[in-house]
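You will see two complexes here that share chain A, one where it goes with chain B and one where it goes with chain C.
Right after this comes the complex of A and B.
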């Protein structure tokens, strides 16, 4: 304790470790949400591209809700709702569910664009060779479509990684929340924010680079 | 001889627009039928109906006795017998020439990878691009891509081939190589329906010609007779224009 009676402590290695653990939690919640959201989003995108007018209208209006309400409000609403409804769940799970649905809403648009990017002539050619609907989807639409929209999907993944910071609002101790805790403890907000920014960059940069690499490989 | 492909009073509409207004046609085994006529006369649409890519509203289409427009017909199975080549060659851009041709034999017929590749290499050599196996379509000329499309159809070992204006999208200097490939197939005895604007090909290669006018077959008969002495006024005008 210094003469001025300061209750705050200096930033230590233990704090850095605390931030590192929080970064891993950010990665965990993002990875699960991106994975689940992508699978769900591809199904929804397919419904948008291939469904009849009723299906398209239903899916579109549903997705509009998730795209128009700010993510932080969706998180708080869902977290409160499950508590009030008597099924309280750990912040990780309510956060993952909301973030997955939010990701799915974004991926659905990407997936639809991917399916629509495939020339109808290619699909007719596939069918003329005797391929069934799902064979055409698997061997022609999927590989051609994914090449067309892969950069957009990487964009969605990166934005979900960063948006996962909002899960702090329901008490999940990910990177942002951890930084707030440390700031309160040490009052070193500038240094801590710099560190947190660096952590986010270190997580995003490899994803973005891997995306570039795969894209180049596909360009032959 | 019995017809292997037969259309009886086939009618087809897109919404309110009737494009085929009662088509009757017969193709016998080993025969080459050229279908000529102005754009929009329904020639290409008829081809799409023959392999069931487009449904028809009335009439019957039979291929080897199988009714194409019967709901219980397994179209994926039927299409294995009917190769189709398109105006836009539609090569799969993400696959090499060899993979383009090997894909359907592998996934549709269930051949092993190596057996499918063997067939693919054989067919690519057959159409004269056996040196392009590992090249992606983007690096091939239009004529080569169209021959790739022909090889892709042939790899399913079809009994019939449908050509939808196979040379119309090609630069003039590339038309010859594709027509030569089609001539070769005809000389091998392939049964073919060829929608074309190439009157020379229609006259020299096909056995029969059908002239389409506004969704109907206006004149049909032996190629040389019909093209040298057309009876219908519309066909006379059409031939005067394309020559």
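Right after this comes the complex of A and C.
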């Protein structure tokens, strides 16, 4: 403690390490959620594009709920529900589950748009060449569709990376929560905020620029 | 499951929750108006031939789009304290949501303006229209068509994101719910009710936007 009686400590290397670890946790929870959510979302998107009217209506209105209720409320609801139901789980897992479902709801729309972006004539041609339904999906719909919606998927992935900050609300110590802890400790709110902003920016900006680059390359 | 769901406290608190929902709408509308205005300026800035406005608006847009909204709210709420600037919860949330909306809408507006070939402007001017007439009758109607639906999506998104006001101590719908939760510990019941309220708000806004869109774009194709 310094002579002036200041109970707060200055920002140190240990604190930076603490922030770095938290940034890795942000990346972890985002990566898992984006992966699971994308797989789930593609299946749901396929149901939306290829299902009959009942399936489409059902899936669509279900996913609509996840897109119309704030993510933070979904997190708190799920977290309190699992404790009520007697399966309390670590914040990482409840956060990952909610984020994954949220991602899936967003990816489903992207996947549907991708499938619908493929000309019906092209698909009929594939089928009349003797391809089966899944061959058509794998060799015709996938490569054509992914070019159409890859930028939108990057957009979804980036928004999930940023929205993972909300998991702090149920007690998971990711980057943003870690910054708050440090702020309480050191009272250097502005510096820490700049640092955290920089961390997020460095994670998000390169992906967004890479997405633009790939989009341009594919359009040629 | 031994948990007993208890709904009467929620029903008793419903009038307060509805009032809080009105605050949510107020915050969202104000942020949207400020965000749209700044976003329009930024879109001009990004198309400017001068370096300074171009750089400034590019930095704004990239910062707004590449950091979390919650971070932006915290920044306005706590980050400025070191300089002795203490914004109220309300101002901090509105500032953050406006900052964010401006960044996203700038890109949307840019796309809208880019969709109109410059030859149209010259054609309109050579037909004897003034600059303002050209904007009013040729440019704006077309830009509006491109940006209208992204704009309504952004509005719904702002409503949902205003829920983060709770974490900065704003008693909007989610903050109010958290307040009742802390007094009754009926977390699930209260947040379930709030989820329903948000869903209803989102649906009403979406429907309203469709109706208005249908009214202003009627007889123009799609």
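Everything that follows uses one rule, which is that the second predicted complex is superposed on the first by the 214 of 220 C-alpha atoms of A that agree within 3 Å, B and C clash if a C-alpha of one lies under 4 Å from a C-alpha of the other, contacts with A are read in each partner's own complex, and residues count from 1 in each chain.
Criterion: a contact is a pair of C-beta atoms (placed from the backbone, for glycine too) under 8 Å apart; a residue touches a chain by one contact, two chains touch by 3 or more.
Keep in mind that what you see is a predicted model, and the values were worked out from it rather than measured.
Of the two partners chain B and chain C, indicate the one touching more residues belonging to chain A.
Of chain B and chain C, the partner in contact with more residues of chain A is C.
So, does A:72 touch the first partner chain B, the second partner chain C, both, or neither?
A:72: touches chain C, not chain B.
Tell me the contact category for A:205 with respect to chain B and chain C: first, second, both or neither.
second
Is A:128 touching anything from chain B or chain C once the two structures are fitted on A? First, second, both or neither.
First partner only, chain B.
Looking at A:171 after the superposition, I want to know if it touches chain B, chain C, both of them or none. Which is it: first, second, both, neither?
Neither: A:171 stays clear of chain B and chain C.
Quick one: classify A:196 as touching chain B (first), chain C (second), both or neither.
The answer is second: A:196 touches chain C but not chain B.
For A:90, using the defined touch cut-off, is the partner it touches chain B, chain C, both, or neither? Pick first, second, both or neither.
In the superposition, A:90 contacts neither chain B nor chain C.
After superposition on the shared chain, which partner residues are touched by A:119: those of chain B (first), chain C (second), both, or neither?
A:119 contacts chain B only, not chain C.
Thinking of the overlay built on chain A, is A:20 touched by chain B (first), by chain C (second), by both, or by neither?
neither
Taking the two structures together, which residues of chain A meet both chain B and chain C?
none
List the residues on chain C that touch chain A in their complex, please.
Contacts found on chain C: 1, 3, 62-63, 65-71, 74-75, 78-83, 156, 160-161, 163-164, 166-167, 174, 187-188, 191-192, 194-195, 198-199, 202-203.
Can you list the chain A residues touching chain B in their complex?
119, 121-122, 124-132, 135, 139-140, 143-144, 147, 218, 220
Spell out the residues on chain B that touch chain A in their complex, using ranges where they run on.
By the definition above, chain B touches chain A via 48, 51, 53, 76-77, 79-80, 82-84, 86, 88, 90, 92-94, 103-104, 107-108, 136, 138, 149, 152-153, 156.
Quick check: in the complex, which residue numbers of chain A touch chain C?
Residue positions touching the partner: 65, 68-74, 76-77, 80-81, 84-86, 158, 162-166, 168-169, 176, 179-180, 183, 187-191, 193-194, 196-197, 200-201, 204-205, 208.
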